[in-house]
Amino acid sequence: MNFMDWITNLDRRWLYLLVGVFAIVPLIFPLGMPVNVSPAVQSLYDHVEGMNPGEIIMVSMDYGPSTGPENDPMACALIRHALSRDLRIVMLALYPIGGVNEGIQELQRCVGDLDPPNGVLESTKFPGKIYGKDFVYLGYKDGGLATMRQMNENIHEVFPSDYWQTPVTEYELSNEVQGYDDVNFAFSVATGIIGEWWANTVNAQFGLPVAVGCTAVSAPKYFAYYNAGQMFALLGGLKGAAEYERLVLDNYPQAKADTEEQVFYAAKGWDVQSVVYSIITIFIILGNVAYLLERRRTRMQL
Amino acid sequence: MHIFFAMAPLNTPDGFGIWVGAFFTLCILSFLYKDNPFFRFAESIFAGCSLGYYIGNTFSQTIVPNVLEPLVHDGHTPFISWGWWVLVIPIIIGVNLYTRYIPKIAWVARFSLAIYVGYYAALEMMLKLQGEVLPQSADTIISLVPRGTPMIDWFTSIVVMIGVLCVLVYFFFSAEHKGVLGGVSKVGVWFLMISFGAAFAYTIMGRISILIGRVVFLMGDWLGYGA
Amino acid sequence: MLKKKIPVLLCFLAGLLPIISFFFTSPGDGLREANDTLEQWLVVVSGFALLLGVISVFQVNLRKISNRSKGWVNAIYLLASLVIMGAFGLMDAFSEMPGWGWVGTSGNTGFNWIFDAIFQPLQSTMFSLLAFYVASAAFRAFRARNLEAGLLLAAAMVVMLGINPYVVKVLPFLPEWTRWIMNGPNAAAQRGIIIGAALGAASMTLRILLGIERSWLGLQEGE
């Protein structure tokens, strides 16, 4: 049996093992792979940089744990970027399977532990930033499209209370934000279709600028929306997350220190991604070489 | 080795949770070798937890804050005030959906379903036409002569225009794809293939990212490497 | 009449409201108000709709257990985890309601613990299996068998190599090529799919609202 026969008939579990091993090695020996920032990502960074202190960003957590490694770093980078620039954040979740938990997890990862019902309101990571004044978390709501449309009419009707069941009117920030007119733009951290709804409903019908951080699987479709100007920025998968994270980390030392404290962040994932990606690429090439050689051999036999 | 000293502690709720998480992670990964009872067990727990999560999430985030709490605390007069009816009617519509499980009156659920289906279908149509067909078509309409835009951008726009037209012809089923129509639709297939190739590359990237998340959990959170 | 025509009429009216209010109303109009109220209701109704499947799951699994059919033990695990997670969730949901003070924060603590320790690892690991399968599929099935498959492979390779930082070091022009594919041919095809699917969905909506398409009614034989 020659090498090509051997590789064609290889038990798939050896391939699984290889993928598994190469997903571990770069975590032990970090490589610090570079990321090239693409225009679709740069435009989110530039937009946030161009905002005036005090302006409000709406962050919608439209994903669950199944795509957390791609989406979490996007949400974190934006929250840190916004708070570093004294912008304010209204967070909510529209994804039914875990969106609300991802929201609270990432918010607390960025600002530190919170317990608003018991008076723990100040961020430990961003001293001086107060829950309800600088950032607020409205929690999750069912309804998808109906919820999105209602938020334009009156957010307080849809989200009468925040994540901790405190009436939204009790906090300065959530009291102030009544509809899309009160926010500068919406950032949907999305898996699947909800990110599209922000573009084809909220942007199209209410004119609110929308940026989306989507999973890599959705990215090819989202490029069509981005190209048509229905999204002003697009972060595609872990690569998009790593690009945006790089921009924020290079310019904000506090964000850099907090991010690098974490066990996982986009740049670290990008190292692993690059290695496993290379392995799979090599296998595709080997598979095709084997196929072409086999085809030539069959033709010659004929 | 420091790795074992840094493992998650078993005697705290969080630490114990990490051990449980690691156990279930390994149960699912064991399927890669072959199907086994550990995987089946974890799979059943996953299905059960998902539905349990739906119940808790829907009640704590929507039904209680948007309906039950205002009903109790807002002081509406039952049956008299409009505010009370505004809160009660969606409960009636919602609960009525469940009559489908009582065979004799299963058809009653159709009333609720009708409102649900009619509203969302209409909304879907509006967003598709206004939010997709119009802006996507508008962005495809471009000048055939490059005016003020860099040549490469103009060329890309022409490619996009040709691609959109060819793909639409491919999806046009009312006439047989023969002759010119056949040729154009073939070009549409080429565009689709290029797009699916790009999508496949991105899909690989997405799936690896999720795997990385699990590896980091096992290595970092559980074994304590780099934590 | 009651079983068929009224639901079709209700469906038509519920669909008409957002369409009319979208085109012909401004804030404060009666129709707009009516549409807003319907929208508020549907936020809640969607919650009930999401939970519809729970009853079928109970029915199917209880039947499995009582018949001792294949996998009945797993059905017990499924129902037990459903009940435990659901119970903690309900305790959390009702903790602020009158008469539920005894619950305190235990519902929230239990629900979040199960989410972090069990649900999150299970869901993400389930999806992570796809990394292995996609790698295997890429190796075994991704072959340039004809022109179409060749185009698919070529586009995938350019995008994969253009994203890969190792390759980009050697071939620095590749990210530009990748961007061009994504913004050019890829966007064109996706745009064609989006427009085609949108027109299809719109015509389906009209069929539903006008009562031509009635499969959603789940009509029984003889109705």
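To keep things simple, chains are lettered A, B and C as they appear, and every chain counts its residues starting from 1.
The criterion applied here is as follows: contacts are C-beta pairs under 8 Å (C-beta built on N, C-alpha and C of every residue); 3 or more make two chains touch, one makes a residue touch a chain.
Computed from a prediction, not measured in an experiment: that's the story for all the values here.
Annotation: B-C is the more contact-rich of the chain pairs A-C and B-C, by number of C-beta pairs in contact. Relative to the whole-protein C-alpha centroid, the nearest chain centroid is that of B.
Each chain gets a centre from the mean of its Cα atoms; for subunit A and subunit B, those two points are 14 Å apart. If each chain is reduced to the centroid of its CA atoms, subunit A and subunit C end up 18 Å from each other. The centroid of the Cα atoms in subunit B and the matching centroid in subunit C are 4 Å apart.
Looking at subunit A, residues 16, 19-20, 66-69, 96-98, 141-143, 146, 149, 158, 165, 205, 219-221, 224, 227-228, 239, 276-277, 280 sit in touch with two or more other chains. Within subunit B, residues 32, 50, 53-54, 57-58, 62, 64, 66, 69, 119-120, 123-124, 126, 128, 132, 136, 139, 160, 195, 198-199, 202-205, 207-208, 210-211, 213 each touch two or more of the remaining chains.
Contacts with at least two other chains are made by residues 22, 39-40, 42-44, 46-47, 50, 96, 115-116, 119-120, 123-124, 126-127, 131-132, 135, 138, 142, 153, 156-157, 160, 163, 182-183, 186-187, 190-191, 193-194 of subunit C. Those residues of subunit B that touch subunit A in the complex are listed here as 32-33, 50, 53-54, 57-58, 61-62, 64-66, 69-70, 119-120, 123-124, 126-128, 130-132, 134-136, 138-139, 160, 195, 198-199, 202-213, 215-216, 219-221, 225-227. Within the complex, the subunit C residues that touch subunit B are 2-3, 6-19, 22, 37-55, 57, 59, 71, 74-75, 77-90, 92-94, 96-98, 111, 113-135, 138, 142, 147-149, 151-157, 159-160, 163, 180-199, 201-202, 204-206, 208-209, 216-218. The touching residues of subunit B, when paired with subunit C in their complex, are 13-14, 16-18, 20-22, 24-25, 28-29, 31-32, 40-60, 62-64, 66-69, 72, 86, 89-91, 93-95, 97-98, 100-101, 107, 110-126, 128-129, 132-133, 136-137, 139-140, 152, 156, 159-168, 170-171, 188-205, 207-208, 210-211, 213-214, 217.
For subunit C in complex with subunit A, the touching residues are 22, 27, 36, 39-40, 42-44, 46-47, 50, 96, 112, 115-116, 119-120, 123-124, 126-127, 131-132, 135-136, 138-140, 142-145, 153, 156-157, 160-161, 163-168, 175, 179, 182-183, 186-187, 190-191, 193-194. Across the complex, subunit A meets subunit B through its residues 13, 16, 19-20, 23-24, 27-28, 66-70, 96-98, 100, 139-143, 145-146, 149, 158, 160-161, 165, 197, 199-201, 203-205, 215-217, 219-221, 224, 227-230, 236-239, 263-264, 268-269, 272-273, 276-277, 280.
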